[in-house]
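A, B, C, D, E and F are the chain letters, set down in written order, and residue numbers restart from 1 in every chain.
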Amino acid sequence: MNFAIAIHGDAATSESPRLALRFARAAIAKGHRIHRVFFYHAGVSVANSLVVQPQGEADTAAEWAAFAKEHGVELAVCVAAALRRGVLGQDDATRYERAVANVNPVFQIVGLGQMIEAAISADRFVTFCA
Amino acid sequence: MAALHIVNSSSERRTALDNCLRAASRGDTVLLIGNGVYWAVAPMFAGIAKRASDTVWCVLATDVKSRGIGTLLSTQVQQIDDGAFVDLVASHHPVVSWS
Amino acid sequence: MTPRRILFVISHAPQRGALALEMLDELLVGAVFEQEVSALFIDEGVFQLVDSGDTQGNVARGYRALPTYDVSEVFVDADSLKKRGLAVDSLAIPVRALTRGGVRKLVAGQDVVVPD
Amino acid sequence: MAALHIVNSSSERRTALDNCLRAASRGDTVLLIGNGVYWAVAPMFAGIAKRASDTVWCVLATDVKSRGIGTLLSTQVQQIDDGAFVDLVASHHPVVSWS
Amino acid sequence: MTPRRILFVISHAPQRGALALEMLDELLVGAVFEQEVSALFIDEGVFQLVDSGDTQGNVARGYRALPTYDVSEVFVDADSLKKRGLAVDSLAIPVRALTRGGVRKLVAGQDVVVPD
Amino acid sequence: MNFAIAIHGDAATSESPRLALRFARAAIAKGHRIHRVFFYHAGVSVANSLVVQPQGEADTAAEWAAFAKEHGVELAVCVAAALRRGVLGQDDATRYERAVANVNPVFQIVGLGQMIEAAISADRFVTFCA
């Protein structure tokens, strides 16, 4: 089957980015495909490259990036949600006159339409709430 | 096809479970994940069992183990691994998460 | 592809800053994909349709645009209204109140359910 | 000196209010702020009024107004402005927030 | 200045990532200020003292250090334990269970209360 | 009186930074002093200078900064909580080899001891939960 995944919880305090990663790994292991992973609401924080994870704690963002590369899975971040939470791509930083960009380049910054598209074209759409 | 309902918050946000139970149909499955697994602790589950009788209840075993609550669980709730979570998603429709 | 039935479930109170507005955005974007889109307000979510008249951060004003979008129907859970002393005609937009059985049937008939 | 208890979440996280009521002593004041003001809506407040009878109840008027629920409030809850919030903090001890 | 009575109230379940660990940090830092520091576990917070044996993200292991710090006493709400089928001796550290009246008295006697 | 304030809620989705600001303004208006405002947990996001607020929405972070300057109030951000959430000062960025810093310089990056110090030396300590 073809799955689409949405993640609403933040990297620091919600378990949902990790729960979604476990689901995605299990889905790939069972031979399913993952159409897109969409980070919305506080979930956009997973794409913040400035996060410094304390030693000895799991780095879920790094694991998502490695997983996506290995399996060719698209990681998409909602641009509007990211702007509100200070997660900027280079284009955004330039447009809004911020000195720096901080998005992890493994993540695509996209519009909300990409979430709806994923939800309706996948066989199943699974949301991991905050 | 029966629906799969996913709840990942504990009694701190009990409206997630309340709304889930309100919307679940007979024969649907409710999967407790993350802090949602605390609902499966026997006395907590006893508090919702009456409303929960016509649905199937599962919890993610990994989340039960990481919380050290394996010995506290209700026998009415089935522990499953992450692969079985994927199977549940594939065999149910729609898949509904409650926040 | 046949249109898919998409239900947006709004279950949280407004004034959580961005969350309510982001849900409204999703719903409005969802409405342009030529699918069968509907919305269900349940629990504290019914407060999102109470219009305070404020010009800032008032999501009910945003929902007032809904009837001009391609949204099939807007539902509210009748018990959630009653519990809060609200009536259908005190809300910002026309809605259809559902009993518990109606909520179950609505959810069971969807292809995609989007939570807030 | 009596304590001031502050609750800023609605019934979505009802444990904040439950824990507050558990810890509040007779004569304490409970102040509802932010989404906590939804507890003051008459039928919601009726649900907690029995446990709430020996404490004083206030809500921030600004938060009531911004939510458009002024006409729905219980008469047992007093609306106060932000300056009166400061006065409550100064005249109570300890000040306890519930999350 | 006379020492102030500071109470840390832990009311949320663990596994919310950083939040539980950050509360533990506060408590340990609070304990070095030579004040009268105590902690109260209530509601889902009592689960923070259940040790799963995991080496990662297991806040109960962190709380095991508490007896070596200058913390006057660790309390739990007895009803919160009972509701979850937990007993005092199944927790990671020695605690004193309080009745409802005990919780009220404890809170009323504080100078500073820090929530999680 | 002398107040200390703690803020636990994030800038994008919690009302607590704004509730605390209203309280602080009212306290100053009544002649009280504010010993320190401490941003902890998700509250550290208020110090993220990369946030782009949508037009027509209140910019609470900017209002906090202006308030602090006008009344000489110290805004303190917990360093450990900030690192986890990708809010870095220049020293942190250098130490952890991140390309950029993103903290608003109006905010002091401090240790948790500053919160305890504020809580015990103020007449009242008021927390605005998430």
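One rule holds for everything that comes next: contacts are C-beta pairs under 8 Å (C-beta built on N, C-alpha and C of every residue); 3 or more make two chains touch, one makes a residue touch a chain.
Since we're looking at a predicted model, the values are computed, not measured.
Taken together, chain E and chain F share the touching chains A, D. A centroid comparison over C-alpha atoms places A as the chain most distant from chain D.
Taken over every residue number at the interface, the positions common to chain B and chain D amount to over half, indicating a same-residue contact. With centres computed as the average of Cα coordinates, no chain lies farther from chain E than C. Measuring from the averaged C-alpha position of chain A to that of chain D gives a distance of 38 Å. Chain B and chain C have Cα centroids separated by 25 Å. Contact of a single residue of chain D with at least two other chains is seen at positions 11-12, 15-16, 34-35, 63, 93, 95, 97-99. The set of chain C residues touching two or more other chains comprises 12, 15-16, 18-19, 43-44, 57, 111-112, 115. For chain A, residues that reach two or more other chains under the stated contact definition are 8, 11-13, 15, 41, 80, 84, 125, 127, 129. By the contact rule set out at the top, the touching chain pairs are A-B, A-C, A-E, A-F, B-C, B-D, B-E, C-D, C-F, D-E, D-F, E-F. Residues of chain A that touch chain E in their complex: 11-15, 56-58. Contact residues of chain C toward chain F in the complex are 15-19, 56-57. The touching residues of chain D, counted against chain C in their complex, run 10-12, 34-35, 38, 41-44, 63, 65-69, 72. Taken together, the chain A residues at the contact with chain F in this complex read 10-13, 41-42, 45, 48-54, 80, 83-88, 92-93, 96, 98-102. Contact residues on chain B toward chain C in their complex (touch as defined above): 3, 15-16, 18-19, 22-25, 28, 93-99.
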